[in-house]
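Listed next: structures, encoded as structure tokens.
There are two complexes below, and they share chain A, which is joined by chain B in the first and by chain C in the second.
So, the complex of A and B:
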């Protein structure tokens, strides 16, 4: 690992200033570091400076009415233990619990996960299905983006130079579920994952696919067949057929396209059924 | 105060036990290796100048050896550095040392190697697409050919009522010691000193002498606590480089591998393909043919230890009247094949047991009942004609079958229960010596071997001395010495430590007691006891403190010294059955039977092990907690080989998963409840009739899991490991 300088500015303004002063690649954000560290260790990234966000007042989580606002530097372990998370955002709870082990979750953050935008992230499919909004702060001031617009490609986001993720907002509690498949259940990268959520406000489903290149995606064609909070078996079967045709189901070193195509309908069906059961329980 | 059955637990929990990574000296430099980045290539040049231009850096490569070794030449077949040709991804090309670790890494990165690509053999099957139908060409890259037979196998198979055939594939697995290889070297007073995390200080000394061409008497090897070896630390790996760097730098050098480097450089079990045919008439095996292609990487012709060994295990612990076995050790562009806990035995057991299950089903018999009629017992002869000594395989099979049947009765839908056998031999053939020092206050066992984590040295040797002398363990301690002061021993591997070295300790203790007995007088068995702080010798009515029995010289030297030695009893196979190559006899016969219950998700292919039971033929239990822990650990390691662990190489021979994220050892979450049962009474080659336990527990695991999956799904898996994708594919095909 090459040497680098770490600063931990006390305010967002200073952090933004420090970040904006560096050329891309010369400066990197440290928001937990569980993913960045691998790049540093392997020499894939060689920043001269790291700007740590640990002193910023963003280690927060609040319910603002129906909305859940998660500060970007809140460790995932703290998010996981928020009272009521499992009932109100079951998919998010399941996804957080799927990230690494407890020790890793004490360091990893939601903001870091978004900012690094790994294709196999367990959190991003759920944020898509929950219509998360990403609050940014940067040299040009503050702005918000839906997570689907924030994510661009593998390891590519809408973050501008000097821009930071301040918080993630989830607009409403949704009956939801998240399921993944891995070679090893714990401490592994998902070969494929599916998140499904039912919105009580617009009475529509969201279905997202993860563990596929180039980034987790919403699959509208797999949610439109789902008719209401308790979709019929025929509707679920139709959605399962459609999601199996998704072009992102390709071969890579984690799984073959054949396996992914066979698996995706299974995960989708189980996921929608679990979310629908939760919708029934909530009604 | 930490209470444990392990005397080393306190220091390890407190972090005060020194491992290879903890080695430190004033003025120490940090070493790093420059590894080849392709599997096969012509090494046109190695430019060290950019590294040498960095502050405080020394850099060495093949051309520097003669100067560094004062003209000495090591074994030309084992050069430390590639000079003209690179033979595997990760082969060392050069080494550097610098005042800081970051400086060493930067210097290693600065070395410029020009490597022109040459054709790569990465997959053994690609070399022999027609095998075994077409014969193997004489120009094929073969390191060894082994062949043995008895009877007319062609005819026996032709005339058999039922013939079952199967092809099986096994994967490469890695030892994954939690502590990668690490050592510290110094050259001073004309001696080459190296302190290292090793399973065999004397083995490292011999290896270093061979590789560098310097006499063993000029080399001193000391050990550290070892963070796991599993076969990967039985020979030298980093030591020659650290010594050369220390010589070049004129300062102590620590060389510690990263995990990635340990994966790329490490010698371990490589893939194989096995074809098996078994003929059965009237419910009895009449003949078996086994053909093996074993990937041995860049193992040298004549240096392949694995193939003859592997093929012995492929015959299985079953009575087989006629057989033919033929194996080819295939050279590929991978590091040389090396030992991994029970080298190839878990893979062989998977093949043999899976095949046998199909044979039993083909004739409509319960596989356990079929086994019970075929397992070897004392007085039988193995396929290769060796007489079988005390063997508890029938007994462990009988008990495991009862558990299998009980579990099967309660198994719900999606569940399956399987049974698998394994056999091994306590490797007491390699020699060992021990020295004990009996003082007025206790007994000291002087050792060169280090505790590698299993407890075989820190607990096993102490337990052996406890049995031999009667002294309580509190009064017995192990003191560790370097190779210049310690009695010789072959190494902590092959399930031999308590088996072989324990006998040497027992012999040394008995020699000490005999010497004492002459001075004490009396008649009958002499025992030692602790009375307060004082060791007392007792025989019949005679009873005196040891203090009063020592000579003035002994009191001055710390006690009565006694030596013991162990050499394995000669064992033989029927050499007339061997057509070509080396086949090996067993020192004893050690059996195990395992039972697993699994839950199989038929839609995703995911397998979860629900519970596990292990029955082990151990001779006698020398120390129950240590033996239990060995079995549990072996099973967990076996579950990794069965379900998730495999080395994956690209078509151009690069290891694609040299790290702990993609090389998946089990986490505690995948470990089921494990129930361990010891079966005693079938004496082995170790002290007091004990049998080795380092290797036996890993051997039946993949076979057992395969049988359980078969029971749950009706599908037989023929390729390791049973990842969800492989299971799903097999279910789809069925």
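So, the complex of A and C:
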């Protein structure tokens, strides 16, 4: 492993300045480090400097009765233990619980999952299905992006030079569910996953695919057949057929295209049914 | 980053970390700098749990923790577990259940279980504790005895 220097600026302004002063690849952001440190060990990234976010006041979570705002450096374990999370955002609760073990979740963060944009991230498909907004701060000031526009490809995001993720906002509680498949449940990464959420405000479903390259994606053609909070078996079957045709279901080192195409309909059907049960319970 | 009086506490004793480079892992600091060899290196990628320690009472993977990132905080390794909440109960439970074969994964399991019991209490469902210990691997596959130790420790309390 190449050696690097770590700084831990006390303010966001300073962190942005330090980040912006480095060439891409020369400087990297350190949040929980659970993913970045593996890249450094393997030599996949060789930054000379890391800017640690540990001193920034972003380990926050605010629930105002409608919107949930999660600070980017809040450890996932702290998010998981927020009272009521499992009732209001069940898919997010399930996705957080799917990440590593408790010890890993004491360090891993939502901001890190977004900034690192790993195709197998359990959080990203759920953030897509919940219409999360990503709040950024950078040399040009603050801006917000829908997560679908924030994510670009594996390890590629809309983050500009010197920009940091400050928080993630979820606009409303949604009956939702998240299901995944892996070789070993406890400490592997997902080969394939599905998130489904029903929005009570626009009465539409969002379905997202995870564990696929180059990044988790929304699958509108699998949500349009779903007619209302309690979709009919025929509607779910139609959605399952459509999602199996998605071009992201390819072969890579985690799974074959054949395996993924065979599995996706099962995950989708169970996921939509679980979310619909929760929609029924909420109504 | 050096010469600034930075320190951590390890098992109740202050350890200066001013000489620790920014890229050093807590695992290497406790094993090689402090000579506490109870904490084991397994996969070094956060998948096996062998290197689990407590930081301010919470479980953490020392292989994925940069020592300088936890400046000012309190670390408990397996050597300090007898004095930690649930530590003695977990050690006794592992001994009583014979919950080890080669023993390499044991420090990680013991620290992880003590941390879980402290966070979730004895009322946590047994199934949940076992599920959460799923992130610790025993390559001898001595899981039945480990599960029995979890049951015993939970029944015993801090």
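As a convention for this text, the second predicted complex is superposed on the first by the 283 of 283 C-alpha atoms of A that agree within 3 Å, B and C clash if a C-alpha of one lies under 4 Å from a C-alpha of the other, contacts with A are read in each partner's own complex, and residues count from 1 in each chain.
FYI, a residue touches a chain if its C-beta (ideal position, glycine included) is under 8 Å from a C-beta of that chain, and two chains touch if they have at least 3 such contacts.
Predicted model, so just to flag it, every value in this text is computed and none were measured.
Of the two partner chains, neither chain B nor chain C is touched by A:172. In the overlay built on the shared chain, the residue A:80 is in contact with neither chain B nor chain C.
Residue contacts after overlaying the shared chain place A:256 against chain B, while chain C stays out of touching range. Touch criterion met: A:187 reaches chain B and chain C at once.
Looking at the shared chain after the overlay, A:266 reaches chain B, while chain C stays out of its contact range.
Applying the stated contact rule after C-alpha superposition, one finds that A:3 touches each of chain B and chain C. In the superposed model, A:107 lies in contact with chain C only, and not with chain B. Within chain A, the residues touching chain B in one complex and chain C in the other are 1, 3, 101, 185-188. Chain A contributes residues 1-3, 43, 101, 181-189, 191, 253, 255-256, 258-259, 262-263, 266-267 to its touches with chain B in the complex. Chain C makes touch with chain A in their complex at residues 1, 21-23, 25, 44-49, 52, 55, 58-61, 64-66, 68-69, 112, 115-116, 119, 131-137. Chain A contributes residues 1, 3-8, 30, 33-34, 37-38, 40-41, 50, 52, 54, 77, 100-104, 106-107, 185-188 to its touches with chain C in the complex. Those residues of chain B whose C-beta lies close enough to touch chain A in the complex are 102, 105-106, 109, 603-606, 608, 643-644, 648, 656, 661-662, 664, 666-667, 669-670, 723-725, 728-729, 732.
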